[in-house]
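Take a look at the structures below.
One chain, subunit A, appears in both complexes that follow, with subunit B as partner in the first and subunit C in the second.
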Partner chain A sequence: MAIELDKVSYIYHINTPFASTALHEISLTIFEGETLGITGDIGSGKSTLLQLTGGLIKPSGGRVLKDGRDLARLSKRELSALHRRVGLVFQHPETQIFAYQVFDEIAFGPRNAGLKPAAVTERVKWALRAVGLPDGFQNRHTAALSAGEQRRVAIAGVLASKPAWILLDEPTAGLDGEGISQVMATLSAFGQQPGQTVVMVSHDLRQLLAISDRIVWLKAGKVWLDLRREEIIDHYQILHESAILPEVLNVMHALNEKGWQLDPAALTPSTLATAIAEHLRGEKQPCKD
Partner chain B sequence: MQDVSLDIAGGEFLAIMGRNASGKSTLTRLIGGLLLPYAGEVEVDGINTRNPESSRRLRQLVGLMLTGADRQFVSNIVEEDLAFGPENMGLPANQIRQRVDTALKMVAMEEFAKHPPYLLSGGQKARIALAGLLAMNPRYLILDEPFSYMDSRSTVELIGLLQRWREDEQGTLILVTHDQQTVRQADHIAVLQEGRICFNGTPEELLGQEQDKLRQWGIEPPEISLLAEEIDQHLNWPAVGHVSDSGQLVERLWQLN
Partner chain C sequence: MQGLSLSQFVPGESVLHRLDPRSKVVTVLLLSVAVFTARGPLELGSLSLLCLLLMMASGIRAAYYWRSLRPFLIMIIPTALLQVLLLPGSVCYHWGPLMVSEYGLIMAGAFSLRLIVLILFLRLLTLTTTPNAIIHGCEKMVSPLAKIGLPVSELLTIMNLTLAFVPFFLEEGQRVRLAQTSRGMSLREGSIRRRLESLLALLVPLWRGAFERSTQLAEAMEARGYSAGIRRTSLYQLHWGMMDSSLSLIGMAVLLLEIIH
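Presenting the complex of A and B:
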């Protein structure tokens, strides 16, 4: 399944004095199995793009296509089949927690999908592990959790349905360092599963660099840059002019300027450290066949 | 909270850090007088937060922006929302007008005066929420994670606004945040762990702490130290050692090359 946005525009409160264009004639294809990061300044249209992709809102102009078929022309049944394959994690997902017990919260999706009780229990335990929460956590009360714990329970609730597409809007906002690492490790492991598609919106480029195969930068409702991971460092100058960049990019760029040839995909502290150490030891980069 | 003692000097910029659920938000509510301590006292400009007779004065002194402030608007129009505080203070109409305009200008949102706040983006809402506090002319601003949705540039801009407010009004800024770039600008950082203060010092002192200690406190070590540490681990000797910015790291690597 691929989702294609074809000259999509979105105008909030169209035909009112408050009309504001969030997206303007965006064309973008999201492929099955990729981890796509979407970033941009405040008000650049990141969240709107995510909601259009998930079929939650309809474009004011243009089309959203699923495998070449216009979402607006799908039958109700086809649309709900699509929604079952797409899991959405909104901003502040913990505000939508409704169950008293963590187990019931996470089990909601699997139960609705008709899983047997034993399978539901397994799924809940799996989802808790996936977000880095310990076994036994399913017995806790949702109201007595910290913000970070609630966030992870809410994400676990979406993961528990094992959606083929996961769309996330700022999933780490407000979490502490450890919470961020855990959520990012979850998403990274999740995105590497064959066929799993992850689309994550974040204002924090570091987090997107940790997981993304490709990153799209939005600016004032348009696609400003659309780069595969290994192309990013080649666009250092233009990126540097428009934002404060993660240190990995600054360091890699400075070393490349000095003639080092580091793996352009090594854009996390840990992979860049490996690449630098290899260079210093005079080792050749491993050849890719 | 347990046995927390903290002195915050007038005009200071104090950052409060710590894990989720370490007591950061509780501390802000105690200072703002929304919560009263079971034991011990909180005084703001000599006003004890327990004293019901001065609670009105306390509310005007301390502007408190809680997490999720962008979901607590009281009006459908931005400028009306901002007028809510000054109106309740009983100010005459012309002064209310002036305060609302000044506050909007301070957060660079003048053009949105007539907008419904719920149509703004998350970061814009945070600015409006801040303007609502500024319209009250507080002496102390306490902000509980105002930046969680902002891109780096907007965060820098907002911090710039807050710093200017401190200079112009001799205001005191207390900020709960996980943002590393922001805390570097603070005069002091207090780190909370399980309801106690486990660190109180300058940003340089904090970021110079051992990485394991920082992680234990829920603070992600700076990207540059992570990078330096991992390179040293790969090389099996402290080749890079301590560096504080990318320029130093590149310099050191170039020497090693």
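Presenting the complex of A and C:
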């Protein structure tokens, strides 16, 4: 299942004096199994793009195609079937928590899918592990959790339905350092499962570099850059001119300038360190001879 | 997001936009009474003409008026048709069993015109005045009631805040619905138990959000010095000018003429 946006525009308050264009004729294909990062400034249309992708809002112009079929032409039943395959994590998902106990909150999706009680319990435990919460957490009360814990319970509630596509809008917003690294670890592990598609919107390029196969930069409602992971460092100059970049990119660029040939996909501190170590090992060998 | 469409205000620079909201509210009230009490074709005709003139003065595209009229046509057209076909009187056309009487035609025309003009008068107010200005105007008009101990200002603050919460509820409701739908929530399928839980999944976050929002708002207001029961002045002062007096006088004159007539 690929989702294709074909010259999609989106205008808020269309046909009113308050009309404002969020997206202008965007064309983009999101492939099954990839982890796609979407970034851009505030107001560049990131969240709108995400909602269009999930078929939650209808484009003002252009088409959103799923496997070549126009979402606007799907029946209500087909559309709700699509919604069920797409897991959504809105900004501040913890505001959607409704159950008294963590177990019931996470079990909501699996129960709706008609799973047997034993399978539901399994799924809840699995989802808790996936977001890095300890076993036994399912017995806690949702109101007594910290903000970071609530966030992870909310994400677990979405993961528990095992959606083929998971769309996240700023999933780390408002979390502290530890919360961020836990959520990111969850997403990284989740995105590596075969066939799992993850689309994450964030203004933090560092977080996207940690998990993405491909990153799309939006600017004023248009796709400014659409780069596969290994292409990013080649576009260092143009990126550098437009924003403050994560140190990983600065370091890699500086080393490339010295003529080092590093793995262009090594865009996290740990993978870059490994790449540097390998390079040094490779350089030493000729010296011995 | 969708909340904006609730207020039909269209920004503009016309005379009607610049008028004091009080004069607009008063005039629209007077004219509405006039529309209801109008009997003859002369009265209805001149009210329609006045309405047309005001619409032109507002400088707002006809499409906006049409859009606000459209939903009411579902009610107006069938009622008018029934009147045309069912009211007795001297017959002017007939196709088989269907008969159209002169009296029916007149009644249907008068009825439709009356409703349409009434709706347009109200729209004239809401299209050229922001909801806040309308409330502010009403506040000023009823403020004398504070002298007899009614908490006018507080009640209006409550009204204002309630209005402000409408867009929030719409947007938040949409968000929660989408989020829970993606977790398989369904209010139409499944056992009663499942449906009840789905309803909870929708309502609990909505209520919680509303309470959280209102607590925050209350704290923010207190932090900025709000307290009930003290006299307040407004940032935006209302100005009652010549135009306002003239408009209100026209409204009053129209109504008086009609009563005398």
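Simple rule for what comes next: the second predicted complex is superposed on the first by the 282 of 289 C-alpha atoms of A that agree within 3 Å, B and C clash if a C-alpha of one lies under 4 Å from a C-alpha of the other, contacts with A are read in each partner's own complex, and residues count from 1 in each chain.
Assume a residue touches a chain if its C-beta (ideal position, glycine included) is under 8 Å from a C-beta of that chain, and two chains touch if they have at least 3 such contacts.
Remember, it's a predicted structure, so these values are computed and weren't measured experimentally.
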item: Subunit B versus subunit C as contact partner of A:96, first or second or both or neither; value: second
item: Subunit B versus subunit C as contact partner of A:56, first or second or both or neither; value: second
item: First (subunit B), second (subunit C), both or neither touched by A:203; value: first
item: Contacts of A:18 with subunit B and subunit C, given as first, second, both or neither; value: both
item: Touched partner set for A:80, first subunit B, second subunit C, both or neither; value: second
item: Partner chain in contact with A:4 - subunit B first, subunit C second, else both or neither; value: neither
item: Residues of subunit A touched, compared between subunit B and subunit C (which is higher); value: B
item: Touching partner for A:263 - first (subunit B), second (subunit C), both, neither; value: neither
item: Touching partner for A:157 - first (subunit B), second (subunit C), both, neither; value: second
item: On subunit A, positions contacted by subunit B and by subunit C; value: 12-13, 18
item: Subunit B residues touching subunit A - in the complex, by the definition given at the top; value: 18-21, 67-68, 115-116, 119-124, 145, 148-154, 156, 178, 181, 214-215, 218-220, 222-224, 226-227, 229-231, 233-235, 239, 246-247, 249-250, 253-254, 256-257
item: In the complex with subunit C, residue positions of subunit A that touch it; value: 12-13, 16-18, 54, 56, 80, 83-84, 86-88, 90, 93, 95-99, 108-109, 111-113, 157-158, 160-161, 163
item: Complex contacts: residues of subunit A adjacent to subunit B; value: 12-13, 18, 20, 39-43, 47, 91-92, 146-149, 170, 173-181, 203-206, 243-244, 246-248, 250-251, 254-255, 258, 260, 269-270, 272-274, 276-281
item: Touching residues (chain side subunit C, partner subunit A) in the complex; value: 1, 4-5, 10-11, 172, 175-176, 178-186, 190, 194, 197-198, 200-205, 208-209
